[in-house]
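Look at the two complexes coming up: chain A is in both, with chain B in one and chain C in the other.
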Partner chain A sequence: MATTYEAIATVTVGSGGAANIEFTSIAADWTDLLLKLSGRTNKAQKQENIQLYFNTSNSNFSFKMLIGDGSAATSYGTTNSQVADVPAATMTANTFGNMEIYIPNYAGSNNKSFSVDSVDEGNQTTVYSYLTAGLWSQTAAITGIKIAPAGANNFVQYSTATLYGIKNS
Partner chain B sequence: MAATYEPIATTTLGSAQASVSFTGISGSFTDLVLIISAGSANTIGFNYVRFNSDSGTNYSATSLSGDGSSATSQRSSNSNKGWLGYWTGIENTIKTMSITHIQNYSNSTTYKSWITRNNNANGSTYSLGTEAAVGLWRSTSAITSMTIYNQTSGTDYNFIAGSTFTLYGIASA
Partner chain C sequence: MPTKLIVDCSTGVTTEVELTAEEIAQREADAAAFAEAKAIEEAEAQAKLAEKEAIAAKLGLTPEELLKLLS
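What follows is the complex of A and B.
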């Protein structure tokens, strides 16, 4: 029986940190993709945005975000490909944020609509959870995904990301 | 090794169609996951679901959504279809996707609930944003079929060609 839900690749950041996490040469063998990140960066702030790239491009993205900070819910839209926050250097120690990106029909010829859920919880007054709608207005199949700290910082050691493929048959 | 996450059925529309059904859903799994990537023939379409062809007013739902400028919450109750997503298709193109989880769907003791995430970030006038919603079907029957509709203000519209619907089963053991 074919494997429906399969780990394509996983990356665990080593002791030197990493400027990005990238998955390349993604085959069209599955129907949907699911990227799961447990991440933290070394930016000297509590949080840092994560920049998303498809096929090495961070253009032609649009996002609508619903954000909770522990006291209010807000929403904003952007064409910047900064998709979510993760904890950074001054956030509660040993705390990593979670992010999940679900991309249906990633190899199809329609524009790519996708879902992002993320949190950067920590023992702080203000932390954030995000529910995000994403659209990449390109018809090309997605063959590469890269995530990077937006401020040219590094993912710290023990940050992990796994890309799964999900097949509908 | 037993398959934990398994496709039950998938439909890709070759032409526009008013509804999509999954029938004969066995009780072999613990939970269901429905993935929709679709567009509506109407400017704005809303997704609804009906289980086991039940057209009684047994459905309710509550949503939390963001349109890019403000966050809102809405609720429907005593409806004859379940609010599966506040928005699905816009502008006759496929730019919306949703993920719906239906837990413990085959038990015959409890009412059935679901949680769904809907997403459309298109930059145009009709871009409606992101949403999380929960729904309830007040029936203790095991879910053996479901039909998904696209509707606005009580009028059914077609899902456009190329829309895809896939139902997965998740087994806990």
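What follows is the complex of A and C.
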């Protein structure tokens, strides 16, 4: 049976934290990419937005976001390259948010649409879930992906990102 | 000095390197631009909410009552 779902690389943040995580030199060997993040930052608030970069650029992005917080749902559009939140320093200790960024046809020559789903985790009343439709209006193949806390903070120790390659056959 | 993790997918090798002065400046600029754009988005959302509340007030309803009426 052909291997259609392959872990390309995984990385875990060490004790010093990390300003960002970059996957570089991504080959065009797969049909789609899937980036999974278990993350938390050291921002002195409960949540922090995560910014997404393709090929080192955070421009030409647009998003439609659906957000639920347990009591209300909101929706809005943005051109900020923010994909979702992860828990930060004042969220319940040792909790991490989950995020998946699915990028179909990442090596093609059309603009790149993608989806993001994520949830915070925290033993408290308000946590957020995100469902995001994203578009990167660039035709270049994606060869690099970077994720970074939006407020110039750091991912904390044990934050983990894994990039998967998915083939259609 | 902040560091970043770089995963070279062609080799599987992960390296931790310190940000350069230019990268730190860019990171600060990105954060400032993000904060500014976020503030504009939030101000626009607040303006829309205020507009809805004004309409509801004209009708003698709370925004929640207006929402129920329209749902």
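General observations
Everything that follows uses one rule, which is that the second predicted complex is superposed on the first by the 167 of 169 C-alpha atoms of A that agree within 3 Å, B and C clash if a C-alpha of one lies under 4 Å from a C-alpha of the other, contacts with A are read in each partner's own complex, and residues count from 1 in each chain.
Quick note on the criterion: contacts are C-beta pairs under 8 Å (C-beta built on N, C-alpha and C of every residue); 3 or more make two chains touch, one makes a residue touch a chain.
Here the structure is a predicted model, which is why all the values come from computation and not from measurement.
In the superposition on chain A, A:65 makes contact with chain B only, not with chain C. In the overlay built on the shared chain, the residue A:76 is in contact with chain B and with chain C. Of the two partner chains placed by superposition, only chain B is touched by A:135; chain C is not. Residue contacts after overlaying the shared chain place A:51 against chain C, while chain B stays out of touching range. When the two complexes are overlaid on their common chain A, residue A:150 makes contact with chain C while staying clear of chain B.
Applying the stated contact rule after C-alpha superposition, one finds that A:21 touches chain C and leaves chain B untouched. 76, 79 are the residues of chain A that lie in the contact sets of both chain B and chain C, per the superposition on chain A.
Note for the complex: chain C touches chain A at residues 2-12, 14, 16, 19, 27-28, 30-31, 34-35, 37-38, 41, 45. Residues 8-9, 11, 13-14, 16-27, 49, 51, 58, 76, 78-80, 82, 148, 150-152, 154, 163 of chain A touch chain C in their complex. Of all residues in chain A, those touching chain B in their complex are 1, 4-5, 31-32, 62-67, 73-77, 79, 102, 104-105, 110-111, 113-115, 117, 131-135, 137, 166-169. Only residues 3-7, 10, 35, 37, 64-71, 93-99, 117-123, 127-132, 162, 164, 166, 168 of chain B touch chain A when the two sit together in their complex.
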